[in-house]
Amino acid sequence: MKMMTKITMAAVAIFAMVSVVLLSAPFSSADAGDVADVAGANISWVLVSSALVFIMVPGIALFYGGMLRKQSMTSMITQTLIAIGVMTIMWVAVGYSLAFSGDGAIIGNLSHVFLEGVTTTTTGSGISDAEFALFQMMFALVTAAIVLGACAERIRYTAMVWFLAIWSILVYAPMAHWVWGGGLFDQYLTVLDFAGGTVVHICAGVTGLALVAFAGRRSDRAFKTRAHNIPFAFLGCMFLWFGWFGFNGGSGLAADGVAVNAILVSQISAACAMMAWAAVQYLTVGRVGVLGMIAGGIAGLVAITPAAGYVGIWESMLIGTVGGILCYYSVSYIRNKTNVDDALDVFAVHGVGGIWGAIATGIFARPEMTGGISGLLYGGTNLFVGQIIAVIATIVFCFTVSYLIIWLLSKFMRVRCTEEEERIGQDLAEHGEPAYSM
Amino acid sequence: MKMIIAIVRPEKCQAVKDALKAKGVNGMTITHVVGRGTQAGIKFTNRIGDFLVDEIEKIKIEVVIEDDSNEECVIKTITDTANTGKPGDGRIIVVPVEKFLQIRS
Amino acid sequence: MKMMTKITMAAVAIFAMVSVVLLSAPFSSADAGDVADVAGANISWVLVSSALVFIMVPGIALFYGGMLRKQSMTSMITQTLIAIGVMTIMWVAVGYSLAFSGDGAIIGNLSHVFLEGVTTTTTGSGISDAEFALFQMMFALVTAAIVLGACAERIRYTAMVWFLAIWSILVYAPMAHWVWGGGLFDQYLTVLDFAGGTVVHICAGVTGLALVAFAGRRSDRAFKTRAHNIPFAFLGCMFLWFGWFGFNGGSGLAADGVAVNAILVSQISAACAMMAWAAVQYLTVGRVGVLGMIAGGIAGLVAITPAAGYVGIWESMLIGTVGGILCYYSVSYIRNKTNVDDALDVFAVHGVGGIWGAIATGIFARPEMTGGISGLLYGGTNLFVGQIIAVIATIVFCFTVSYLIIWLLSKFMRVRCTEEEERIGQDLAEHGEPAYSM
Amino acid sequence: MKMMTKITMAAVAIFAMVSVVLLSAPFSSADAGDVADVAGANISWVLVSSALVFIMVPGIALFYGGMLRKQSMTSMITQTLIAIGVMTIMWVAVGYSLAFSGDGAIIGNLSHVFLEGVTTTTTGSGISDAEFALFQMMFALVTAAIVLGACAERIRYTAMVWFLAIWSILVYAPMAHWVWGGGLFDQYLTVLDFAGGTVVHICAGVTGLALVAFAGRRSDRAFKTRAHNIPFAFLGCMFLWFGWFGFNGGSGLAADGVAVNAILVSQISAACAMMAWAAVQYLTVGRVGVLGMIAGGIAGLVAITPAAGYVGIWESMLIGTVGGILCYYSVSYIRNKTNVDDALDVFAVHGVGGIWGAIATGIFARPEMTGGISGLLYGGTNLFVGQIIAVIATIVFCFTVSYLIIWLLSKFMRVRCTEEEERIGQDLAEHGEPAYSM
Amino acid sequence: MKMIIAIVRPEKCQAVKDALKAKGVNGMTITHVVGRGTQAGIKFTNRIGDFLVDEIEKIKIEVVIEDDSNEECVIKTITDTANTGKPGDGRIIVVPVEKFLQIRS
Amino acid sequence: MKMIIAIVRPEKCQAVKDALKAKGVNGMTITHVVGRGTQAGIKFTNRIGDFLVDEIEKIKIEVVIEDDSNEECVIKTITDTANTGKPGDGRIIVVPVEKFLQIRS
């Protein structure tokens, strides 16, 4: 068992080495300097967007870590860092290729492993394949990081390394392929997902749920503790909100009116959802706090994600407001009525919010903004049906495969922390590194 | 010699300090503690509602008095200042002290 | 009274809903995809600037919160979040329309409520109205957030929600209209305010003062406590500084030499002010610390704000240096010689700094950078006089109306925390959410 | 002695003033509005990059400060702030001019003091001189800030002010001139340094070493303490990583394929180095934590810096992986086998990582990406030899001059904290400002 | 009257609190402390390896009992709950108390 | 049995710990406290100047000694190490202890 985990890390290092041998074909950015100026604005904007999406990742670490007890802060950070490391390498190695090459319905092919043949050359005003790969890479990072909040304080660090590596191939790559890479959904359904409602949020929420289903509840002690550092949780949320401008704004891959619209409706949806959550909590509990408001804001951002390029002002107000209320009651329901210990409400916020967003897109999509595809409101039913099927497919697929992966892993290594380790906290038990010293 | 240990509400700490100073009692040592007693706990807000925490923040004030006749006065001063009449006001513990020395020479 | 506050929140939620009914006209971003590429760079830059201005808002929460005692951290954060929520919704609903439509001298009209008719279509190389509305929205958020520092630890949360909602209409929208929307100042005066010295900083500083004037001093306990978390205050200041590059840099609404100049002089002014503050403090107190230096930096950024597009290097050094010294003595004066409890020196830094900046613009504005309007130094007196009148008008207007609003509110709800609540701290008393758990 | 330090600060203020008298020639940004649109995308991207590089500076303060004991947090922050102040002013005053004007081999001339004649006018699609000066200014800030980590908890604040002011002229300006300003290296050697491997990282690492060599070890108490706030260290690292996208991505001064390539390889190198460090630490110590992983990430970013524009995917994986492993063993070696107290491993990470990066550039530079210059792998030896000579020259020059400066300063003022001050911590002893209050 | 001072592992604190409650002992004051004893220290990871910290986090629980006959019971309850058999389990100190008063009146 | 409670300057804590170790006294419990005494307070910098804080950070070291004859030695060791001669050096309090038990069995 000990052996196993050692191999884990060694493998990753070796893995990086191997690439050197594997690849003799040079990366063709030879003509990078000749790029036509007409594409400059788009290049610049998508680079900025990539950076903005990147900053969401530490945002998640702080957002989640701040809400846990202080004995789990280091652990949450290390797991986020490992998500950056593993997903970056896996995406470059095979992920991008599996998601964005070939015509397969289920999965792409290996023609672009290690980004072979992915150049920085632009044609017309579009961005280059290399920039697209970069932007998409950041999405993979964020998705993996979101998952961590659900199963916090339970899954061992080394198990998480392996899980993410395998999950990136078996779950994330196919999902991206189906929605954006010309796969399943594109081929058989009318589906719209502007910035990743299904690929990122539903997928992350459901994966989290699968891990929780497998790993079970935490011991009561960890479960009952209140957030150890509200300012960090707030700061994390603000990074998410800030980064979301790139997440949604960059998803049109151009600095144009679509980007402006996407950012505007994101801001509005987030604000409405935050206020709606606050209002409901105020009416129910009589008090509002930071934790509620930031959860509301995130709920609004999640809900608008698939629709950001396809709806206008009033729809975004509606989507946000409903999103905030819906997620509030989901959190409340899951915490009080079920036995599921989704530590940081990942499913209730990202899962439920994402599902609502996908359906809302099916209802409100404006034909003049989608290139002709109409939402229910404008008389289209294909899209609405497509969205619902896509949501169901995503849920079933992500849950099943994620569960299988972690189950399989548990045959080879210890996946779950013991009760003793849980009590002391992973910071000390696994990393020997308390987050704060007095 | 006695050590008077008072466990009071954090928001009363300044008032107790000031009141003791007014009585000429300057030296004291203060510790942040949490306590459980007849006060049932405080409700905290989380994302979706309340939850109860039974460890409530208190301040522990330790005063060593060299002249035992001051005991009553110090206890009364603290009691008067820290009393709000609501559960959670805290306690006073008096323990005997054998020696009380100044390190500085 | 209890009823009242419940209605507060409910209203906001309902408010979001109503928009759906109100608005049937579709948001016309139909042709968003056709945007001419020539505008791309400007679109991209103003989007980035909007994101940068947004990040100033959490910056303010951390900057302020870190300087308070730890019992007020959650409270400062929630109030900032509510500023985001309320101002975003109010801006979309009516603020933008009141500020930027029609020819009224005092206030605009309602032709663009809920951003009706505000499209993402660009003409020529300029940015679209929708993008302008987005960029300006962020300014409204920042202004509201700055106010919170003055009256920290006193005003109740629900009262703040109402105050901001009304203030956004009665104070902020007219101010923006007068300076940038073709209103009062534009029509009757020669006034230059590049990035919001009057609209944002003087307005926020004076509004804060009005709230303090109404609410009075805090009890001594809160007043005397030292900053509970210097790193957060520093981090907040750095977000402000970083965001200011978008705040000043984006205010020319184009990615051109004006933007470059604005950012360059901002950086220089901030550095000079920080060093000047440090120097004066060193000579006076014999010691320099983080709190002084960051206040100095902010003072320099405030002072350069109205002038950033109209002056060059040496003026910015002078504006910054004088700004730093002036604000230092203002803080010192207000704290020691007056009875005003401006908790985080909002008036002394934003108010005084903004006034100095406005006057400095009147002195140093270079005709070749303003399109012909000359500062005192270049023989123009119109501008100088205009700036001074504008400053006075701003002070009188913002103070009076803000005071009236909070006074009026106090007739309907409890506005002020009790002494008991103040002692325990708003975190616990109002939100039941201590910022840190041991 | 006391006098001396007072003069320190006064001088800086006076200094800012003097500029006003010195400069009568107006800053010519008159035609800023006429900038051709073709340059817009590049202007926008380099402005964004400048902002991104700026955010690295607070990143360094948090990264370093979080790893120290809590008694040194304020001190680390003030020193970083002073680096911002001093370097900004010095760069504007003389630094830019010395680095980027004239044909001198050793140093430039004074024709652009106070940015005289540096305009915001663009020609063709390139950015303006003023924007270049701004972007480069941020590099000067970052370099100065990195130095502070090596000699943390020892050098007095006022001494640091003077040191940085002098160092910016005698060390940083010549270095920038040699590598990027057409000086020494450009004239006599074939050297490639894309984004500042020598100028920034080796220079900072070696300067830090010189200060440590002069100031000696800290007392054991400070030396043995563990990191007081891991989340701050993590946050700081993430700011660095995020900012690095502008640091490397902006160094091509254009929004084109080179920028895309630079960011892509930076991300990959950082991820590989982080994983490699984690793997080695796991195999050696049996445990991995945040401190190790973030150090690994930084090592990868440092290593790729000089090469980011000249290599592709697989080289970046190799450079990162080797960089991570190399820096791990360097830290281990310096800590355990030498008597050098490099508090935050500045030399081991930035110095060693920078040296490896420079050599790697000499090996892997692809002729089609460098405009014809070939690395060893492609048969070129000039470059390889040039890189090695440049590294050696940089080390010798920076160490000698930095040591001389601090040695000279010590003749005029007290440079070193006393053992008593060290024990209490600089926060209290020098600044009277503890970072946290209970 | 006695004050029973127990120094226990942080992860055992909740269990001790619960066990005492079950025995009817509600009032207590809790302090975060660090201690040194026969337990040699804990190894922490730094960038490149391990290092030892000899100040180990503990929780100090102070319980004042008014009825001396409860002493044995409280001590036994704490000992039974906090015992793991490994170094670092902590200590119990009993000191005499002269007065124990409630501030609330 | 005695409990020797020493309140010392934070920067002297390590020295006291080392000195006690040298005398063979290993076990101790350490608490972060703040105190007020003859030392008037420390001036702190804020944005525009100084202000006084009368709660000064101290370290409380509690050592239980089972053999009373060690008392003098421990007190002397602490006094010698923690003494700087300036106000704020701290105090030593000795209280009687009735029982001192190890939890581990």
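Think of it as A, B, C, D, E and F in the order they're written, each chain with its own count starting at 1.
Everything below uses one rule, namely that a contact is a pair of C-beta atoms (placed from the backbone, for glycine too) under 8 Å apart; a residue touches a chain by one contact, two chains touch by 3 or more.
The structure displayed is predicted, hence computed values, not measured ones.
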Under the touch definition above, the chains in contact with both chain C and chain D are A, F
Dist(centroid_CA(chain A), centroid_CA(chain D)) in Å evaluates to 33
Chain-centre distance (mean CA atoms) for chain B and chain E, in whole Å, is 20
Separation of the C-alpha centres, chain D versus chain E, in whole Å, is 49
Where chain E touches two or more other chains simultaneously, the residues are 31-32, 34, 44-45, 50, 95-96
Note: chain C residues in touch with at least two other chains are 40-41, 44, 48, 226-227, 229, 235, 287-289, 291, 431-434, 438
Checked against the stated definition, the touching pairs are A-B, A-C, A-D, A-E, B-C, B-E, B-F, C-D, C-F, D-E, D-F, E-F
The residues of chain F that touch chain E in their complex are 3, 17, 26-31, 64, 95-105
Within their complex, chain A touches chain E through residues 221, 420, 423-424, 428, 431-434, 438
Listed in rising order, chain D residues that touch chain C in their complex are 6, 8-10, 12-13, 16-17, 19-20, 22-23, 26-33, 35, 37, 40-41, 43-44, 47-48, 50-51, 54-55, 57-58, 61-62, 65, 73-74, 77-78, 81-82, 84-86, 88-89, 92, 114-115, 119-122, 127-128, 130-131, 133-134, 137, 157, 229, 232, 235, 430-437
The chain E residues in contact with chain F across the complex are 2, 6-8, 31-38, 54-55, 58, 60, 75, 78-79, 82-96
Counting only contacts in the complex, chain A reaches chain C at residues 38, 40-42, 44-45, 48, 52, 69-70, 125, 225-231, 234-235, 238, 241-242, 245-246, 249, 254-261, 263-264, 267-268, 270-272, 274-276, 278-280, 282-283, 287-291, 293-294, 297, 312-314, 317-318, 320-321, 325, 366, 368-369
